[in-house]
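When the chains are written out, they are named A, B, C, D, E and F in that same order, and each has its own residue count from 1.
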Amino acid sequence: MEAPIQDLFTINNLWMMVSTLLIFIMHLGFATLEAGLTRAKNTVNILFKNTIIPAIGLLTYALVGFNLMYPGAEFAGSFFGFSGFGLSLPEGWDSSNYNAGYTYFTDFIFQAMFAATAATIVSGAVAERMKLGPFITFSLLYVGVCYPIVGMWKWGGGFLNTLETPFYDFAGSTIVHTVGGWAALVGAFLLGPRIGKYTPTGMKAIPGHNIPMATMGVFLLWFGWFGFNGGSVLSADPGTVSRVFVTTSLAASAGAIAALITSYIKFKTYDITMVLNGILAGLVGITAGADKMGVLDAVYIGAIGGILVVLGVIAFDKLKIDDPVGALAVHLVGGIWGTLAVGIFGELAGLNQLLSQFIGIAAVGAFCFGSSWLIFFTLKRTVGIRVDEKEEIEGLDINEHQMRAYPDFASKD
Amino acid sequence: MEAPIQDLFTINNLWMMVSTLLIFIMHLGFATLEAGLTRAKNTVNILFKNTIIPAIGLLTYALVGFNLMYPGAEFAGSFFGFSGFGLSLPEGWDSSNYNAGYTYFTDFIFQAMFAATAATIVSGAVAERMKLGPFITFSLLYVGVCYPIVGMWKWGGGFLNTLETPFYDFAGSTIVHTVGGWAALVGAFLLGPRIGKYTPTGMKAIPGHNIPMATMGVFLLWFGWFGFNGGSVLSADPGTVSRVFVTTSLAASAGAIAALITSYIKFKTYDITMVLNGILAGLVGITAGADKMGVLDAVYIGAIGGILVVLGVIAFDKLKIDDPVGALAVHLVGGIWGTLAVGIFGELAGLNQLLSQFIGIAAVGAFCFGSSWLIFFTLKRTVGIRVDEKEEIEGLDINEHQMRAYPDFASKD
Amino acid sequence: MEAPIQDLFTINNLWMMVSTLLIFIMHLGFATLEAGLTRAKNTVNILFKNTIIPAIGLLTYALVGFNLMYPGAEFAGSFFGFSGFGLSLPEGWDSSNYNAGYTYFTDFIFQAMFAATAATIVSGAVAERMKLGPFITFSLLYVGVCYPIVGMWKWGGGFLNTLETPFYDFAGSTIVHTVGGWAALVGAFLLGPRIGKYTPTGMKAIPGHNIPMATMGVFLLWFGWFGFNGGSVLSADPGTVSRVFVTTSLAASAGAIAALITSYIKFKTYDITMVLNGILAGLVGITAGADKMGVLDAVYIGAIGGILVVLGVIAFDKLKIDDPVGALAVHLVGGIWGTLAVGIFGELAGLNQLLSQFIGIAAVGAFCFGSSWLIFFTLKRTVGIRVDEKEEIEGLDINEHQMRAYPDFASKD
Amino acid sequence: MKKIEAIIRTSRFDYIHRCISKLGVKFLSFYEVKGMGFEHARQEMYRGVAYEPAYIPRTKLEIVVPDDLAEGVINCILQEGKTSEVGDGKIFVYEVLEAYRIRNQDTGEDAL
Amino acid sequence: MKKIEAIIRTSRFDYIHRCISKLGVKFLSFYEVKGMGFEHARQEMYRGVAYEPAYIPRTKLEIVVPDDLAEGVINCILQEGKTSEVGDGKIFVYEVLEAYRIRNQDTGEDAL
Amino acid sequence: MKKIEAIIRTSRFDYIHRCISKLGVKFLSFYEVKGMGFEHARQEMYRGVAYEPAYIPRTKLEIVVPDDLAEGVINCILQEGKTSEVGDGKIFVYEVLEAYRIRNQDTGEDAL
């Protein structure tokens, strides 16, 4: 092999590895965002979930996920494939013979980091009332099995990839974010709202206990998104990756401003949590087409995402689906919007594409809604998914963990 | 184009992109530092500002800033140039034809991340008393227009770059830090001190509410500075970038130790906030000449920066200019010191250089002082820039945002 | 020099620089982990230590450490070498003539960031009761002199590297982690337990005051470990670095799960601090052989590390050696385990290797135990190492720093 | 005038408050106190060491009322504060010599 | 001896304290309480939902004084605590049976 | 029945509690208050400015006991709360008109 090719391979692989660690730190972003937007008495619990999920995600992805998601060329165009348990190094795994952009191990670890984000999305929506055991069980199954199956449909060469006009989802508005979003919807719905959220005398606010922590979470997520989207180029290609950086950042910025304005119009106040959600909605929105959008497209997509997220939060509250951190508005609404946007804005815009995007959203939605309903419902009917009333009021930390997040501070209530 | 050139281009561009995300995370650094060094009742407000600034900065930089700062060769040696609104991809934008080190998009996003830091510096100095609306207005104008104009003078090929002995400012001790610093000075001065800071019976301490958060901020800033200075090499050149890493780190370390010793001598106590400011002063100080300094030069520059920052904090307090986070001592004093140091230490040291450094500092200072005075003063006379007394005492969070940063914790007073 | 070689050199150097900044951020990880697991009244103190250590570490490493640790080929196989004070650029320092993977400056700064971690490990174990001055003195000597001497034995080409079957320690399970661990043991032992920890009526819990901060610390450490282990490849070699990423991540994950299960069995509760320690134990464990392990090896090593860390915490408590953050169980036990594991699992497994590993552990242990005893004991007998009872009860922050970490919050007791 | 002090379960506050309001007593002060009594604090656990925090967090109410309202308020607390499990708390009654409303210098029962 | 309890606006504390000090009363204890009364808490807002925190944070003073000083202290509070807007708070006066200084076992008025 | 209120050093709480327990009094409430008195707060320092926090954090005990136990409890506090340095605090005693146990409506001394 000539040196130049090997050099380029080394560069590409380097970027993919850096992307991997950027995606890794998103888990800290999720952990702090979710902890910040919930109450102090449930903080250990939410951190516990967000700490254990990446661990579970990485291990199950090594055991089955990777080979479910990338079963190989023989499963092209299909719905399901599996190439065996565990990781086994193919011939030439560490050279451009495996792939021009990365080694087999880079491929695995990059994809594995992605996988765990889906379950993390769920943890925010079911926060402050779901039992720990069933949540871990759910995550195990959902990250281990459901996510890779859906991922295979597109990224593993499955049927969504072989539509006449192939479904397009660059970095996972549908494949990652709505996958998490649907399960979050099912979970939040089957659990019911937190005690005291929707009362006979109207909706009550349950403020998040640590706004700095939530802010930090969103910055870390944006930071990680450079890897999430930038790494999805699957090489260090200067033009594409830098374009993705620009579209991603501008969408996030536009999302922030749009959410600021929308929430100000709606609520007559500067709500930082809405701005934070706006940033995330911009990011989720641009994710499906980050490499196919122009500068203005990105701004539009982000801005619309920012508007939708505020309306989404209001809408889910109207439906009495209690989502403490706005995960549904961000990941589900934002993910659907971003996926559709590929058919509306940018290089691929067109009716056929829009149709394919619909098909993709619907297929993934049906499968994820169904499978997460199955899991959550089974858990609900067997072990139960919700902590009992007394535990919820006293807090999950002291009941599920016999521990407090801030033992030295006096609490307000 | 031959492969090797393209490979090197890809490597360079990769480093520039990584630098971009390092600079991005500095915004979280500023947010947490400033929030940590102010009071709990103003935390949402300061976080809000620091969250919205990068969004505004990126969007305005795309709209006008980039083309104001880099208007093109025809404006070489001049004071002002503009090459039109928005971003438009030049021919060969994604290859080494555009630049040996980066694509057009990388160029933009790297520079855009720099831009927002100037406004962020201001937010710390005006914290705990400035109204939100006027602050956003100021930031919009300052980041959108003033910063790029000044930037053009040197980095865009303007008159400071074509002096006989060109003004030297590697990564922006003057172009970024004093630009922020002058506006911070004007803002802090026109606002006046926080209620209760300078009383008839003497100066009062108003301790920052969260020292861990402030510490985190400084670590993140140092982390980001590897990209701020390292990326200013504008390529991944191994020798220069690694040298910049070393000078940057040693200056920060020397700043820490010098500030520790100085503040111990002055105050007879180990004040961590002074050590944190010392690190930042070392970093700001080395920024102008990070690529021209030897190992010992860097240590000297950092150490002197660390001494100056402590003396600066004391001096501004004597002048009754109230700067809750020490932004003036760090960015203004530190920035001036660093710029001058290029004429005193390292490869460029010499009287002519020192003179050019003075010219640069003075020109930038005059313009920034003037323009920020104009903006702040106009705002003061029209909409007003300071919250009213009751709001300030109760806190900006509850008054400007109707929200609390830590609703679950009992506060002390 | 031909372009391709220079390109590869640039890539390698880039990765080494990125690794450097990843290791840098580990210091924030240590700071937040240690602060989170101790009490609010000692928070400024622990942050102060963790802020000043990297500064001291970098400066002393420039002054003496680097040349003690890498004294040059003439000291091959020996116990001690020194090539003079300060940094002096060798011929061709910025090209592949110096090294195929990095420039002289990259080499220095990468190694310097490693150095400071050893002292940081100690700060956790002696937290909440050690005087600031003696701690700084100890760190200065230990990082400046002891660590580089031990490092030289292996990485500087010393006698451990020239054993018949050379001692193997890829990224420092022994050379870094046990070096910190032995000193932590000596320090914790000579100081004695915190007041109220082991009472006549049994052991008392002294809960850490900020679990979110501790969690953040562990995520940042894992994040940084990609550079700690990944950078220890000393090039961007795609196969090896990506393999290291995989083994590192899987070991951390397995450590988390194993610690979760072990602590659940032992304590019947889901203790997040044990899961966090489990992650770290997995990381420390894999460090010695991260480039020589297969996927399953990594999982085993991590899992055993996760079990050992829980048993270790229990054991040290039984011995009444009070280690507030679990540094001994993580770094000392984990480091020894990881080093031995190289002789048990993976490519190098074998009795001779195991023997060499024992020799390495023993030699390093003897030297570090001895030298840190000498320093700590001398300090104890002269200036004293422990704050007095009243100071300890009131907190080190108010006594050593006259400052509080959270002045706006009401404390619980 | 009487001052009624009650140490109650924090979780019963809303119920008691509602009952008292119905009597027309809309004014009260309350704050967190730490209680020691028959009921023991829930065990916590940290790194393998179980421990009982030394106290139970409780809410203390203070209500000053004209003599004739005292009985009603006490009954509210007795009824609504009761879970019949150990730890429900106590009510203490004191004599108030004088009361003033700072806003308009009203004194005596007018001030309440 | 009398115990004077006052529920005041936190923002008036310094003024009241200064006035009382001038009377020669330098000793007092105070702490945060939550008040419910005529004045309603400022509305807060979170993610589109406006809500009124159930209470207003207030400061409670406790001062034990010899009978002859009581009036002066009460006047201080009435004057300096007054903003004339709803929510200024209340003063309550109680009889103290006995007082002790722990340091030296002084009792009665000597203990104050 | 008597109510014994004591403002003590937080660090003496455990000792006092132990002494009182021995008398058979196992029930009490306590909470943090801020004290101003002879003792001045320890100086703090922030960015070169020394300042004295306006108050000293102290613990306030409240114990209601039958008349005959009052003396014992007071002695406990006087003995165990004493360090002989300025700032040891005070004890105040009040008359309690009535007491109720919420759990089972016991009244009077039975309720304690």
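One rule holds in what follows: a contact is a pair of C-beta atoms (placed from the backbone, for glycine too) under 8 Å apart; a residue touches a chain by one contact, two chains touch by 3 or more.
What you see is a predicted model; the values in this text were computed from it and never measured.
A.B. asks: In contact with subunit E and with subunit F at once: which chains are those? Just list them.
C.D. replies: Output, common partners of subunit E and subunit F: B, D.
A.B. asks: Give, as an integer number of Å, the spacing between the C-alpha centres of subunit F and subunit A.
C.D. replies: 53
A.B. asks: Roughly how far is subunit A from subunit C, centre to centre by C-alpha average, rounded to an integer in Å?
C.D. replies: Subunit A and subunit C have C-alpha centres separated by 33 Å.
A.B. asks: I'd like to verify one number: the distance from the centre of subunit A to the centre of subunit D, where each centre is the average of its C-alpha atoms, in whole angstrom.
C.D. replies: Subunit A and subunit D have C-alpha centres separated by 47 Å.
A.B. asks: Hunt down the residues of subunit D that sit against at least two other chains at once, touch-wise.
C.D. replies: 31-32, 44-46, 50, 94-95
A.B. asks: Of all residues in subunit B, which are in touch with two or more distinct other chains?
C.D. replies: Expected reply: 4, 7, 11, 14, 18, 207-208, 210, 269, 271, 401-404, 406, 409-410, 413.
A.B. asks: Per the touch rule above, enumerate the chain pairs that touch, sorted by label.
C.D. replies: A-B, A-C, A-D, A-E, B-C, B-E, B-F, C-D, C-F, D-E, D-F, E-F
A.B. asks: Please name which positions on subunit E make contact with subunit A in the complex.
C.D. replies: Touch residues, subunit E against subunit A: 44-51.
A.B. asks: Over in the complex, which subunit D residues touch subunit A? Could you list them?
C.D. replies: On the subunit D side, the touching residues are 10-11, 32, 42-46, 50.
A.B. asks: Could you please specify the touching residues of subunit B with respect to subunit F in the complex?
C.D. replies: 203-208, 263, 266-267, 269, 271, 273-274, 310, 313-314, 317, 326
A.B. asks: Report the residues of subunit E in contact with subunit D in the complex, numbered from low to high.
C.D. replies: 2, 6-8, 31-38, 55, 58, 60, 74, 77-78, 81-95
A.B. asks: In their shared complex, at which residues does subunit A touch subunit D?
C.D. replies: Residues 393, 398, 401-404, 410, 413 of subunit A touch subunit D in their complex.
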